[in-house]
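As structure tokens, the structure follows; a few thoughts come after it.
In order of appearance the chains are A, B, C, D, E and F, and numbering begins at 1 in each one.
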Amino acid sequence: MIEPRTATVRPVPEENATGRVAEIFADIRTTKGIDFIPRFWQVLATNPTQLEVVWSSLKQLMHPESLGLESKLDPAVREMIALAVSATNGCSYCVNSHTAALRKHGADAATLGEVMAIAGLFNMTNALADGYQIEPDVFPPLDEDQS
Amino acid sequence: MIEPRTATVRPVPEENATGRVAEIFADIRTTKGIDFIPRFWQVLATNPTQLEVVWSSLKQLMHPESLGLESKLDPAVREMIALAVSATNGCSYCVNSHTAALRKHGADAATLGEVMAIAGLFNMTNALADGYQIEPDVFPPLDEDQS
Amino acid sequence: MIEPRTATVRPVPEENATGRVAEIFADIRTTKGIDFIPRFWQVLATNPTQLEVVWSSLKQLMHPESLGLESKLDPAVREMIALAVSATNGCSYCVNSHTAALRKHGADAATLGEVMAIAGLFNMTNALADGYQIEPDVFPPLDEDQS
Amino acid sequence: MIEPRTATVRPVPEENATGRVAEIFADIRTTKGIDFIPRFWQVLATNPTQLEVVWSSLKQLMHPESLGLESKLDPAVREMIALAVSATNGCSYCVNSHTAALRKHGADAATLGEVMAIAGLFNMTNALADGYQIEPDVFPPLDEDQS
Amino acid sequence: MIEPRTATVRPVPEENATGRVAEIFADIRTTKGIDFIPRFWQVLATNPTQLEVVWSSLKQLMHPESLGLESKLDPAVREMIALAVSATNGCSYCVNSHTAALRKHGADAATLGEVMAIAGLFNMTNALADGYQIEPDVFPPLDEDQS
Amino acid sequence: MIEPRTATVRPVPEENATGRVAEIFADIRTTKGIDFIPRFWQVLATNPTQLEVVWSSLKQLMHPESLGLESKLDPAVREMIALAVSATNGCSYCVNSHTAALRKHGADAATLGEVMAIAGLFNMTNALADGYQIEPDVFPPLDEDQS
């Protein structure tokens, strides 16, 4: 019998993880405060360097508090950015997981609708600005940061 | 002599605008509190229905306060979403204008860096989740909204 | 039991629609000449402003006749553009609905094949022109519109 | 002195073309009825197999009449599809060349505006349908072609 | 009963193929050394010109040996490029077929992981370079090819 | 006078770098064997965490030898993947830098042409497979890795 596939590779289940992979799986549980290892990380674990690179990047940028790093963004805002990017790219797994995360942060359907509508809007204006090849405006009084 | 092009069509300068186009240009100035018409709108004005559709959409979603519409998102957050989408699509005009807008809302280079790094991160994870064709996790305790 | 999901939010079924949402649902039925509300609109209805913005935009651009607006494009051509964009973005829902719409306009598999092949071709040439960073040709005799 | 670059490779100017490349350059002039070789083809000529593949594909799909092939699409419609794809991908060279081609076919700024607005619209709806992961509608009475 | 759809058109099964389509199907079997016609080619066959264009292009670029064409790239490297592009575009069919092809060439999960991680990485850096609108470096000692 | 902008932020020049940023700049010089800091890294340095995340990821995946990590891919192949992704996304900075890197690894215009043509080809087939919504083939004899 052919089992339904869940990915193009066989995910590494938590009970089979050893060494650095097991450590990262434990860190994912703790840092995210979840009680299972999402399939994404189980798949990346098929190449431990890949797991290391992606988890380390995501931990620093999405969970800076856990590392004592400063951040100017609210955790819910970070998830909104993640969702807007995922909607733009049409990534099924990612849309599902970031929508779930946004809900954990208290977003309701109306808030989700604003994020989605704005993401949709700028996909429209991006196509228009690119489709007409519009040169950027020169912002008249450039402040010091805009050299 | 061939002047440098600013778009694939000749933008409609404010002094040539009449009728509905002139009204929309005036509304753009007032609603956005700016003292010039960005080239984007001058270009869209080459087809007045297009200008109407895009401005009306953008006004409702990015300036809901001006219409008495409720919004759950901070104006700076809306611009962050706009910028993340524009970075993902690589839209030159849009990146420039949303970066400028974000600065008006007080974002400094460190904040901009967080938005950009998160947008970059999820372009990476989107490619990975899609590139491995990972099936979404089933979120164990589905709340009522997730039918 | 976990029902299969049809979206990340619970669509608004027609029998639950009230107020502005119910009006828009009725307008969708009439304008499109269909006897059900496609799931896309049921989902957008979870945020009524979003439904308003997207329906109003789509009505003006895809059903201009219903509003007495002028159009230079044949309705089938509009759907071809919609399908080419949806194929480029890989949007599953959209490919399905625009293919169905194109069939309503009388397109057969050979015509669909031409649209798809041309959309495919220019995804190839776009990657090549961008991948070599080719500067646009200066079109020697610029006509008056090309300043 | 460093000349401004026009591509990441040195284009093959027409006077240097020999053999199969020269034949294709001549065919491009004749088939397209133009009196210069656009930079795109000069760049592809740095690898003759690449030039062969792309020109052969484009000739069959965009100039079927020149080969006695049947086509259901108007030449202007083909360029509209090309432009919509190029706007979606944000390809600078391609937007410029397909806009110029569309003008040759008689399109004015209003027509161009319709094509662009529709391309923009469906970039918006694509992001929404993907961003909500909406399952395709099942079209109730499937016709024979829709197995 | 409604059969599950496998595409928006009815694929052409091998036993129904005639003329040029049948010849191309036979060539696909031989050139690729496979004993079935993948669904992709069955679908393209609904428009024989489309099938001709795409197969001819793919044969020249992915199976140059079969035509006596020179190639500098290892067949496995060609599939890695195909997979990286497909991951970037999030194309489900393509990711599945190029992953299978890469396995035939002997790639294991660790190698696949390197390809995927690198594809992911550059989707991140692309968004960053575009999102900051960074001008290309001028490479100081330009070699002769870089005019 | 308004200087031409090189990015939406002011890059951090090497002489102004201190602390962790200075260390990373030194590591970039050594690891890459180059005698200047590419603008990309100067821009990322406006947010040191961002610089850290991206450089650390890139070092592990593109310079594994420098860290004693195992790799199955040739350095030139890694750059080919980078270039194919960058062409697909149309990233100007990235196309320029990865083309330059590929040349350092000895690639000539013919090799570059193969990479580009293959990247172009699969952007075409991706649009076709997505545009027809073709279901993946089930690969009959699944090997152990393909659960």
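Methods note: a contact is a pair of C-beta atoms (placed from the backbone, for glycine too) under 8 Å apart; a residue touches a chain by one contact, two chains touch by 3 or more.
As the structure is a prediction and not an experimental result, all values here were calculated from the model.
Both copies, chain A and chain F, contribute mostly matching positions to the interface they share, with over half of the numbers common to the two. Note on B-D: across the candidates A-D, B-C or B-F, the interface recurring with over half of the contact pairs conserved by residue number is B-F.
Chain centres here are Cα means. That of chain C falls 20 Å from that of chain D. In this assembly, the C-alpha centroid of chain A lies 27 Å from the C-alpha centroid of chain E.
Multi-chain contact residues of chain F (touching two or more other chains): 5-6, 8-10, 44, 49, 53-54, 57, 61, 84-86, 88-92, 95-96, 109-110, 114, 116-117, 119-121, 123-128, 130, 132-133, 145-146.
If each chain is drawn as a node and touching chains are joined, the picture has every node linked to every other.
Those residues of chain D lying in contact with chain E across their complex are 2-3, 5, 8-10, 49, 52-53, 56-57, 60-61, 64, 69, 138, 142, 145-147. Of all the residues in chain B, the ones that touch chain D in their complex are 8-10, 44, 46-47, 49-50, 53-54, 85, 89-91. The touching residues of chain A, counted against chain B in their complex, run 5-9, 36, 38-40, 43-44, 54, 57-58, 61-62, 71-73, 77-78, 80-82, 84-86, 88-89, 91-94, 96-98, 100, 103, 107-111, 114-115, 117-119, 121-130, 132-137, 139-140, 143, 145-146. Put simply, chain F touches chain C in their complex at residues 83-84, 86-92, 95-96, 116-117, 119-121, 123-128, 130-133. Against chain E, the residues of chain C that register as touching in their complex are 90, 95-96, 99, 109-110, 112-114, 116-117, 120-121, 127.
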